[in-house]
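Per-chain residue numbering starts at 1, and chain names A, B, C and D are given in the order in which the chains are listed.
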């Protein structure tokens, strides 16, 4: 079995250049590649384009990259909860492409699956449809959407093995599996790294074929955005 | 005039046994509190869960288990977790029967606007455009008028659209209305103590009146 | 949680009419809905259209439905290993649509996912492309393919719960999950049926939302087509 | 002239460390026996497995674990199981680096025909059309001529095509050849004892000779 292990986050992200097109897993702050983001912050790179459902909060997640002005463009579905983001956007320092969440998920899935374009009903009749081909199938209107593929995908899983096979936990799965498949180089950080053969082959969420580098992360903060408890 | 809780309570009566339901943020989330216990329904969270349970106790809190509003949650028995592509496959494929969401404006042909106010900060549409383009039944929970008293049930939406010809039913603080496929809001029920005249005066779009309009019953 | 349990295979397939458009899971004889096929054989229906990667063998699987002349048309990727199939095809009693296996899998997946059409490179320049739209994306040619959806999908899983959640085993998974999602009414037979809540929510292959009826099957033969052992 | 085993042995030299590989039925399956032990490679089975192991012992046989040829198999450590859509997502998405398969005919521009003989029974293309349309490297294992002595390396295929301009390399019982992107079979190696003249006489398509053509080494 092919061994994908690298030493740590610094080694994993060492060759991501300025101007790179990245994907980062996570929904809100859940399932984000905390260690890779921390390692990127140590690098002197800028003008990144990042595909991520959200843009973190001011002082955590992708928000940290925004603070350091490392991001040129975000491709996301929802970017609230972030004052620095708003400031950079309004001042013209940052570009943003807003995409319906399901379309974003499917475009990334299509990138990994070698499907260059597909049709979806989301956004028909809205400004999302501007400039896109509209076609009727069986009496309903659909937009044609293109695939998304990245130079580097940075993803976070719960458990992984040295062959790159991954298991996620709870709703921290979200965009991570599709982004793994859509990355030319996919870097997976996991809470627990085990030897190939220890995970049940029938219970793996992301096959190792999609992962080029894997390492065991440390000091996960897993910050909670909306701590709600039963009254 | 209905309170937010009463709007949620009224919408809960629309829920049918065996349905899979996606609840938006705000009043729609409250609907979960009023669904009768004898109905078997499942709540979907578009970030990757079927079977949302109640909020956790302090001991149960798990940062890896949140809903689409990023709130910590729990799972009910028989829940299942999945990725975002699978989640929207469910939505887009019509497997989620009912979507309940809020709106800034609804037009008399069923268009909905709820994601953007030009000139103000844009937060993004999240999953709303996928949801309204896909579910077989879409119910809107909203205030009938804006804080400045302008009708939010319009001939056509003034704000950027989230989806076209998709809203089936609207429950406001004043009324229950259905969208006529030919265009127009069919008034079905009045809030207790609210007159047809008041609803008419507060509905900019075409209001359709068929016979006697009953008061809502709770 | 919604209870999808029905008593047995006979109850599950009771309302499948003549002329119905069906999907059946399985690859070769692995992961086929044995109990549902046996129950269909008891019914007096005909002119079925069946989407299935293969068509069984002469005396097992879909081959049994062919013997009883219940099938009007097969939509498959590979139909060897079946003399009765060949006879009916050559005599004009049976129609067959042959589709590349990956295109078949993706068309079924698209059906469940509400994607009415997508582009794939498989079949460009071949007779599969006849009558189909061809389009170039990023310098490569692709065919446009349409979704497939069924009136009834008959699938087989290893374990399932009363809410319709399913876990498959080994390579018996194959087409079953996509067909579950693509069925208007999906009937799942499982080797072991447990109460909702007994399966790990993180380890379910097919969410119960795609399953309308579920029952515990019996007397699985699981016939092996090519019994190969180490020399 | 090479035996089938020798063709497989020669193709095994093309395998590189770290590759994910799909092996077709027939000679390609034999290639697995000759891949050097020090290479880390993974074999994909398009019915839903990465990490094909050897055939099982009698005790290990599991009807729920077969390869694309419907043979009973085992899994190696680090294997993973998945559904057919995921399997072809891997193939179509270019994640499987190398496909080795048989052919009835190959043309000098890299077209391949291997799924249908008109007038005879049609079995279907299975996954072949997806594989040849997708993999970055496609190697064909075949006999240079048919049993009646007709060349199978042609100007253009006479049989229905499986895929166009996709074959990169061909290993036959007589030779190793590469397909020139401009058209033509570039002769790279001769089987032991086989002359360039013989290969030329048995290749209907354009044969390109660049300098001395070495014999294969095993």
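We adopt the following convention: a contact is a pair of C-beta atoms (placed from the backbone, for glycine too) under 8 Å apart; a residue touches a chain by one contact, two chains touch by 3 or more.
Here the structure is a predicted model, which is why all the values come from computation and not from measurement.
Between B-C and A-B, more C-beta contact pairs are found at A-B. The centroid of the Cα atoms in chain A and the matching centroid in chain D are 36 Å apart.
Chain A and chain B have centres, each the mean of its CA atoms, that are 29 Å apart. Chain A and chain C have centres, each the mean of its CA atoms, that are 33 Å apart.
Residue positions of chain B touching 2 or more other chains, listed in rising order: 49, 81-82, 85, 88-89, 91-92, 134.
Within chain A, the positions touching two or more other chains are listed as 106, 109, 113-115, 120-121, 168-170, 202. Chain contact topology: the protein chains form a pattern that is neither a line, a ring, a star nor a complete graph. Of all possible chain pairs, those that touch are A-B, A-C, A-D, B-C, C-D.
Chain A makes touch with chain B in their complex at residues 27-31, 53, 76-80, 86, 90, 96, 98, 100-106, 108-109, 120-128, 158, 168-178, 205, 222-231. On chain C, the positions that touch chain A within their shared complex are 106, 110, 113-121, 135, 137-138, 140, 142, 146, 167-170, 202-203. If you check the complex, the residues on chain D that touch chain C are 45-49, 54-58, 61-73, 81-85, 87-89, 91-92, 111, 121-130, 133-134, 160-165.
On the side of chain D, the complex with chain A involves touching residues 18, 20, 40-42, 44, 49-51, 75-82, 85-86, 88-96, 134.
The residues of chain A lying in touch with chain D in their complex are 1-3, 109, 111-115, 161-163, 165, 181, 195-197, 201-202, 204, 207-210.
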